[in-house]
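The same subunit A turns up in both complexes below, where it pairs with subunit B and then with subunit C.
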Partner chain A sequence: MADSKKRVPMNHVIGFILSLVMTLVAAWAAIQSDLPVTWVIIGIMILALLQAGVQLFMFMHVTEASSGNGHVPWNMMFHGFALAGIIVAGSLFVMSFGHDHGDTGEHQQHEQQESEDHSGH
Partner chain B sequence: MAAEELKTGPLEYRTQEGQMGIMGFWIFLGAEVVLFATLFATYAVLFGRTADAPLPSELFEPGIVLVMTFLLLTSSFTCGLAIHEMRRGSVKGLILWMVITLALGLGFLGFEIYEFVHYAHEGATIQSSAFWSAFFILAGTHGLHVTLGIGWAILLLIQIKQRGLTNVTSRKFFIISLYWHFLDVIWIFIFTSVYLIGMVI
Partner chain C sequence: MHITDILVTGEPIIYGAMVSMALVGIALLFILTYFKKWKWLWSEWLTTVDHKKIGVMYILSALLMLFRGGVDAMMMRVQLAFPDLGFLNSQHYNEIFTTHGTIMIIFMAMPFLIGLMNIIVPLQIGARDFAFPYLNALSFWSFFFGMALFNISFVIGGSPDAGWTSYTPLSGAAMSPGPGQNFYLMGLQLSGIGTLATGINLMVTILKMRAPGMKLFHMPIFTWSTLVTCFIIVFAFPILTVALALLTIDRIFGAQFFTLTGEGLPMMWANLFWMWGHPEVYIVILPAFGIFSEVIATFAKKRLFGYNVMVWSMIVIALLSFLVWVHHFFTMGAGAFVNSVFSVSTMLIAVPTGVKIFNWLATLYKSKIEFTVPMLWSLAFIPSFILGGVTGVMLGMAAADYQFHNSYFLIAHFHYVLIAGTVFACFAGLVFWYPKMFGHKMNERLGKWAFWLFFFGFHVCFFPQYFLGLDGMPRRLFITNVAEWLPLNVISTVGAFGMGLGFIVFVYNVYYSFRYSARETTGDSWNGNGRTLEWATTTPVPYYNFATVPYVDEIDPYIRMKEEGKTTFEEDKVKPIHMPSYTGQPFIMMAFLGLASFGLVFEWMYVAVFGLIGAVFMMIRRSFDYDDGYYVPVEEIKRTEKKARGL
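Presenting the complex of A and B:
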């Protein structure tokens, strides 16, 4: 463990700076930029995944050999996130059919208009 | 790996019990990912169903959410430093950085409580609409995890004062560091998919 002898753990510092930069870029893209909404959403979701990667690999020792746990930590996270993707995307997909759930006409219209606005961007 | 103790490497990995405990916690974290996935899915499905309550774009403010994000990000960093100090054998360093971590965590909680109260004043409560129910359950479950983590870490700090760094106490601190980093991972997704997307749309 030569790494633990160092006074300042550089990989933690780099990970922290990377996280800050990615947070600021995501916030800027969402709040300030004039990019199309779809691109903003795709971009900030990719940034979120990258940040999660920073946490896992630079802070959480997910691939530490001395743990004696082999690939288990990595596998748990990978399968957890794969399931998360399936649950979220699957729910959105299934629930996208037959969208009239007793909303008042007014809200329905409002929502429709909203989604038209998005596609118009 | 026999039951005897290793002589090198981080304390928390030296016994099989320590290794198994940490592996078990990774399995728990995998289950937590799925728990939050169900809440995210519910939120995503109910997005836009605000009924007569205010819209998220009217209430979400970038300032406070960014402050909360930076508090939690920094606390995750200081928590990493605490474990680094622990592996250098410094109980003092571990306690110092852990206390800073907890202070930042409490700051985060304070802002979240203020935020929830503010939303309630503006007419968005858990009963207002399907959207706000999903929002408060998702953000609230994360906030509950942070609260539990703070209580847990305080108990561990008392324990390390009494027992010092052993295989067992360092395993416990390593596990809470995993938990704390994990809470930051979840918050990144709440920040992105709830607040940022809520402000864009």
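Presenting the complex of A and C:
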């Protein structure tokens, strides 16, 4: 690590500034801007993806060559995505309390019928 | 603000605790000053990055927390056996069961196991320290300050009182005002940093720093269990971190994630909590399985039966652990289909666990068992744990769970798996590896006394609780003077005190063995029955662990090494060893974060901001820290090894 003393880690400095800027822009969009809500959501989603890219490519080891047992960063990211899938899909599955939210046409009809029944009373 | 505003007042028991804490504190200060040990404390322990010393500090803290959590437990048992005595009031009772649960899981079981991993895993794989020794010290101090913060709650500010699960809306700002619940949030958050860092650290250590030739499927089973556990930690702990952060923001900054008034979703807390909480119970049981496997193979003097299957069943358990969380709240009413799915996934876990049980039995089959103390703990584990496991399957049946839910049946079940699994393993592992840590064994006779007292105390305490549960006694209940519950409650309390007695004998044994046990002369402490690399090192283990790292291409490599007369000191192959320097930075950084957390608990923002600035400053300092460690010269290694090996 002798050379790390002299070299300025430009990659990291740029990445740091970029992530700060993107965070501030996202905060501004959510708090201060007058953009419509849909655009704010789309905007901060894009910024989040860019932010993740900056972290992965400029700070973490995605670009690192693969080691003996396959490419570890991608491997771990796969597990991360699988877990995120479990958390999101699982929470939706569990927290909807057996009620449907009108995902399919059939259920919608069912719900409508029900609400008609109720209004009929 | 006056000091009495934040001190807990009006409780004789707490005044007693304050006085005894003050006395112990003064005594410690006096001893350190009188014997001029301050410098020793700082330069040998507080600044250490040596995995073995950090492990010892973890285990000492865990034993201290076992004492604290145990005292909580016995106070609850006294209240339940003599409900008319007025020993505790309801608020105090609520606080005690909350701290008992939280301390036992987060500040006892995990650090105890992580302490054993710290000491043993690098030795088992032929590594000289962790992959990131500085980070390891950081982990320990974050756990330590988190623990300290959580523990001072009962004299300053009042303890959390919403149960260790801290369900919203009860734990929200509206229903639990004051600092109590903040102690829970900040204490867990702070120590969680350390747990997550340890998970990453050990994972990298195991994946990257194994002895030459050692493939993953050559690793000792305890190292395997650690690796699987690390994966669970890395994937489960972020969920807790986020959930704690959301609730903190709710409580301190007035957000509405878990409130009904602000259109939040209180039940989402239970969902997130158990998404972490269920993997968490496997975080504390898988290393225990690893310890039992090592102990059983050593004292059955056979290779572990079905090594590959043992590994795969741990991996399957780890995967399934992320798919069963709803069985903790079947009664929330998620609907029959949801409950059925999680009921089936829960029962699936019994399959790999059963496979492990049969493999242990097959290892024991037709072997010459040596009944040492660690082996006694391991043998007692098998039937006791099965009792817990079978009742777990009963609880896993969603329809039946509507009867069992939150009754003492549940309490008995999880104490049967957590004590017979994790606590027995902690004792077994500590006694088993004690000579590696301290250079002498624990006294066997006293050890057996401790074992039998604890073992019988445990069954007497918790077996009646199954029936209390079936008789309808709910958990977290303060008044229990229902005539038909009383006899079983009294029996249970007797058992609890039996366990307490066992613990006292165990602690006395630490002192007794320090004074009287014979010092170890070889590294292979258990009559030459050691199978894995940790027994190939000398006792006490030199700070660089291995003078030369052996080539490993099989399971239980030390057996062949002994046959061929090989050691971890091949004089002509010794090279200078690169070691990390000790540093006080982790201690200081985490002290600042501890201060920040303390500020947030009382919502004193100036204190919190000051602490955070201090911590960030320490992180910046770390970024410009170019200390690359030092090299141990060949001469020193040779001198140390020759002295230790009597050459």
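Just so it is clear, the second predicted complex is superposed on the first by the 69 of 121 C-alpha atoms of A that agree within 3 Å, B and C clash if a C-alpha of one lies under 4 Å from a C-alpha of the other, contacts with A are read in each partner's own complex, and residues count from 1 in each chain.
Throughout what follows, a residue touches a chain if its C-beta (ideal position, glycine included) is under 8 Å from a C-beta of that chain, and two chains touch if they have at least 3 such contacts.
Remember, it's a predicted structure, so these values are computed and weren't measured experimentally.
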item: First (subunit B), second (subunit C), both or neither touched by A:37; value: first
item: Contacts of A:91 with subunit B and subunit C, given as first, second, both or neither; value: both
item: Partner chain in contact with A:52 - subunit B first, subunit C second, else both or neither; value: first
item: Touched partner set for A:79, first subunit B, second subunit C, both or neither; value: both
item: Larger contact residue set on subunit A - subunit B or subunit C; value: B
item: Common ground on subunit A, meaning residues reached by subunit C in one complex and by subunit B in the other; value: 1, 4-5, 69, 72, 79-80, 83, 87, 90-91, 95
item: Contact set on subunit A toward subunit C in their complex; value: 1, 4-5, 69, 72, 79-80, 83, 86-87, 90-91, 93-95, 97-98
item: Of all residues in subunit A, those that touch subunit B in their complex; value: 1, 4-5, 9, 12, 15-16, 19-20, 23, 26-27, 30-31, 37, 40-41, 44-45, 47-48, 51-52, 55-56, 58-60, 66-69, 72-73, 76-77, 79-81, 83-84, 87-88, 90-92, 95, 103, 107, 111, 114, 118
item: Touching residues (chain side subunit B, partner subunit A) in the complex; value: 1, 8-10, 13, 16, 19, 22-23, 26-27, 29-34, 36-38, 40-42, 44-45, 48-49, 51, 62, 66, 69-70, 73-74, 76-77, 79-81, 84, 87-88, 177-178, 181-182, 184-185, 188-189, 191-193, 196-197, 199-201
item: Complex interface listing, subunit C residues touching subunit A; value: 207, 216, 231, 235, 239, 265, 267-268, 271-272, 275, 322-323, 325-326, 333-338, 341, 626, 628
